[in-house]
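Heads up, there are several structures right after this.
What follows is subunit A paired twice: with subunit B in the first complex and subunit C in the second.
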Partner chain A sequence: MIVAGIDVGSLTAKCVLLKDGELVAYKVIKVSPNLEETADKVFGEALEEAGINKGNIERIVATGYGRNKVSFADRTVTEISCHAKGALFFIPTARTVIDIGGQDSKVISIENGKVAEFVMNDKCAAGTGRFLEVMASALHLKIEDLGDVAERANRATKISSTCTVFAESEVISHLASGERVEDIVAGIHEAIASRIAAMARRVKVEPDVVLTGGVAKNKAMKKALERELGMEVKIPAEPQIVGAVGAALFAMS
Partner chain B sequence: MTLKKLKATDRMKQIMGGYYMMGKQTEVNGWITSGAPVELLYAMDIYPVYPENHGALIGAAKQGPYFSDFAEKRGFSRDLCSYARCDIGCVFAGTSPVGGLPKPDFLFACNNICNTVIKWYQVLSRIFKVPLFILDTPFVRKELKESYIQYVHDQLYEFVDFLEKTTGRELSDSKLKETLIKSIEGVNSYSDVLHMAKNKPSPLTCFDAFLNMAPIVCLRGTDYPIEFYAEMKKELVERVKRGEGAVENEEVRLLWDNIPVWYRLRWFAEFFADRNACLVADTYTNAWTGFISMDKSDIFWSMAETYTFIYLNIGLEHMAEAINRLINYYDVDGVVIHSNRSCKPYSFGQYELQKMIDVPSVVIEADMVDSRVFSEAQVETRLEAFLEMLK
Partner chain C sequence: MNIGYLCTYTPKELIDAAGFTPVRIFAGDDQISLATAYIQSYACSQARGSFERALKGELDVQAVVFTRCCDTLMRLADIWERNTDMKVYNLEFPSRIDEESKDYYFRELQDFVNILKEWGGDVTVDSLRESLKLYWELEEKLKKLFEVKPDYEAAKKVQEMNVRDAIEFVDRRLRKVEKSGVGPKVLITGSVCPFLEVYKLFEEAGLLLKDDICTGTRFFTYNTPLKEIESVEDGLRFLVEKYFNKAPCPTKHFPNDDRFNYILELAKDCDGVVFLLLKFCEPHFYDYPQLKEKLEEMGKKVLLLELEFPIASYEQLRTRIEAFYEVIA
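Now for the complex of A and B:
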């Protein structure tokens, strides 16, 4: 049985194809303003990658904030349930999932393979991928380089604003007062980690803690979170597609 | 999907239409907060005007940002309660969806619901140049001490002096007793309606309760609530006899916490109905169900007790206890907690409450009237995920 999971987030769309429970192909693309087109495109590209015909896909489940725009999906499941299921697929011992997405970050606690509790950030970009994007652009850095830059820091500059807009001007004033870019970047990671950790403490944080979402590719973020939480944080092989994998798993059942 | 409508709602609209009409013709009126002892006003034939009900009405008419803007332009912060902003905004605008409220002869604020009402009514007092009486109810952190009741009890006497001086009328003991008895009968009749939600499936949702709560708030102490809720109950009993639920295929039973999101009432009602979830009860409408005691020998003492120990004037342990009582009584599977940007005393401590209550819960962020802070996609995802978790 071949199934598809499509995760349409705020910044990227992901599509995963599973054949008899095995990952056969996946695609990640940038989201365009037309979510329906985006979903169609990422699905088409994943099919092409796998060399599978659309007609052979038994079921499609959509997730992510654009889930209701995937008109060809058989049903929708929220990203909370999908991230939990997807995380367990990669790391079966997962008990806590921290997902840092484009505009949402969430902490999910898992009991007996099911979502027991979850918290999400609200109406605020602090502690999300968007925060990192804004900071990267203020520092004229590429987002994918942020982690490496932070690794070269001597110390972490304290970023006290929790608001993305104010933090951006704070970063600029740190630059103006001669702080090293590396230290500022390290400070940005700490600011996010402390924000996420505060949210995580509202639910039970138990090992294994799994970090998902595109931000998980950033090694400095993983380390900052480990320091804040005081425990190891595990990263799945493909952290960005965890939600889509979860959706595909829901499509199997 | 079409929501099931109660016939009672049409009757409620008639009653409340009449109530607002009456305000335009009445001789003496006082503006009053929702948790204040209105019985004293009715006993003296004083018409009570409810800015909070008016605020809810503005919210339901989706006019919140429009009227709030009149206050914001004069420097009232967006962080203030949206009922207060809309009320003050309507005064500056000189109108509202019901053509504005009648100018007050006096103002009566009781801080058992929040402390915003003190500043809010002081502002009104300056605008209208009319006297203000503040009934100060001590916050009940742990136990309701006798000294608290004594303190409120004494103020009630002062308030009667204030009313007599302001209106030139005299309070008759027998009329007050009569009014209080009607108030209790009204509350009982109203409680009977809410209790119908104990049935499975429930014949009403909290959205039906929200829509039909105005008579118990505004007309408590008159005959209207007694008759209206008795009528409404009959309709619900019929539904139960037919085995008919307010929501088709009721699978999940939920409890709502906080004031409703007035401009999204229908959206929420449809959202849950579509997913076979029924919000059978809520902490808000239940706040008007209780008279602790009714000792006829000292009705002022009873009133002091009742109006001090109300849901928003008690500590977290008491609140959790009240919620757990509702969870148990209505047999609910989960709680939907509205973190209401406007209502600080209602929203403060909700994350603590989550740990103190007996079933899973979810927090959504919104505001009762100010639709500018509502994010549909965020609310939808949280609620859907919560239902996935419960099912």
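Now for the complex of A and C:
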């Protein structure tokens, strides 16, 4: 049986194809303002990659903020349930899932393979991928290089503003006062980690902790979170498609 | 004359008996802008949003009665008095709900009757008898309506109407109402929520509702049966009993933990509890950790939704509510 999971998030759309429970293909593309078109496109590209015909897909489940715009999906499941299921697919011992998405972040606690409790932050960009993007652009760095830059820090500069816009001004004033870019970048990672940890403490944080979302590819972020939470943080093989994998798994049942 | 009020501890019966119409004041749909010059942004958006409407001239009320339930409402009364043309009166509803404070509240009601007289409204034994009976009738009918199916639109609308029109309105709803379907049931608890879309999100997610919301069930849940009165004083004594025994709110102190017991009892037949809390609402937020713990001990799933009026993004709320459905279904 071949099924598809489509996760239309705020910045990227992901499509995953599973054949008999095995990952056969996936695709990640940028989201355009036309969510329906985006969903269609990412689905088409994933099919092409796998060399599978649309007609062979048995069921499609959509998730993410744009889930209700995926008109060809058989049903929708929220990203909370999908991230939990997807995280368990990659790391069966997962008890806590921290997802840092493009413009929200969430912490999900899992009990007996099911979502027990969750908290979400989507009111503000602090503690999201967007925060990193803004800081990277203020420092003229590429977002994918941020982690490596942070690794070269001697110490972490304290970033105390909670608001992304004010934090950007703060970063600029640190530059003006002669702080090293590496230290500032390390400080940025700590600021996000501390915000995420504060939110995570509202649910039970139990090992194994799994970090998902595009930001999980950043090694410095993983380390900052580990320091803040005082426990190891595991990263799935493909952290960005965890929600889509979860959706595809729901499509199987 | 229309007399505005914000809190369900306001004795609407006296206002009606004096020949005025009590009108509940809700926050509006527009972004809060004018009120920002008078109230700090860390006051709740119900207070700021209500005052915004007053400043914009959207309210057809000529006087406002405050019950001084929380710090914000107390200060709002002062701000309202200084910055609008409306008459403002502070009715001191006791914080401590016990036998000793009954006499105090009785005297407060006597003072309020005199104020209503100054404003040109006479409370007589006949007018008070009628108002007590009408509100009792309205409350019973709303209870009946909510038993069949919660109707938050009706609950909101009747709070802005004369009680006589309100009764007719609920009668019409009762003739049309159909029983809710099946699905997991949640208790929603919190202060006020006049934004009807929020309730719709729950229904659309497949959840059946029961509530402890000040603009919902707490508006009509009083536990004192109607009594025949012989004098205005009799009527005031009855109102003391009625308001002391109403569905409790966290702004009050009850010697026997009435508030917690009330919530835990309501939650018994529910699959989950959603705290629909208004950002910066201290009375509700201080209760939240303990209540959550007690509800979880009962085996209930709990979700906290923080609201700010006007509600900017319903889709974000929808995701949380649908996810909660997936957790409890």
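Definition applied: the second predicted complex is superposed on the first by the 252 of 253 C-alpha atoms of A that agree within 3 Å, B and C clash if a C-alpha of one lies under 4 Å from a C-alpha of the other, contacts with A are read in each partner's own complex, and residues count from 1 in each chain.
Just so it is clear, contacts are C-beta pairs under 8 Å (C-beta built on N, C-alpha and C of every residue); 3 or more make two chains touch, one makes a residue touch a chain.
These numbers come from a predicted model, not from an experiment.
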Under the superposition described at the top, does placing subunit B and subunit C together on subunit A give a clash or a fit? clash
Please indicate which partner A:158 is in contact with in the superposed arrangement: first for subunit B, second for subunit C, both, or neither. neither
Classify the contacts of A:201 with the two partner chains as first (subunit B alone), second (subunit C alone), both, or neither. neither
A:142 contacts which: subunit B (first), subunit C (second), both, neither? neither
One more residue to check, A:79. First (subunit B), second (subunit C), both or neither? both
Does any part of subunit A touch subunit B in one structure and subunit C in the other, and if so which residues? 65, 77-81, 104, 114-120, 122
Hey, which residues of subunit B end up touching subunit A in the complex? 351, 354, 360, 363, 365, 373, 375, 377-378, 381-382, 384-385, 388-389
So in the complex, the part of subunit C that touches subunit A is made up of which residues? 301-302, 304, 313, 315-316, 319-320, 322-323, 326-327
Any idea which subunit A residues touch subunit B in the complex? 65, 77-81, 104, 114-120, 122-123, 202
Residue set of subunit A touching subunit C in the complex reads 65, 76-81, 104, 114-120, 122
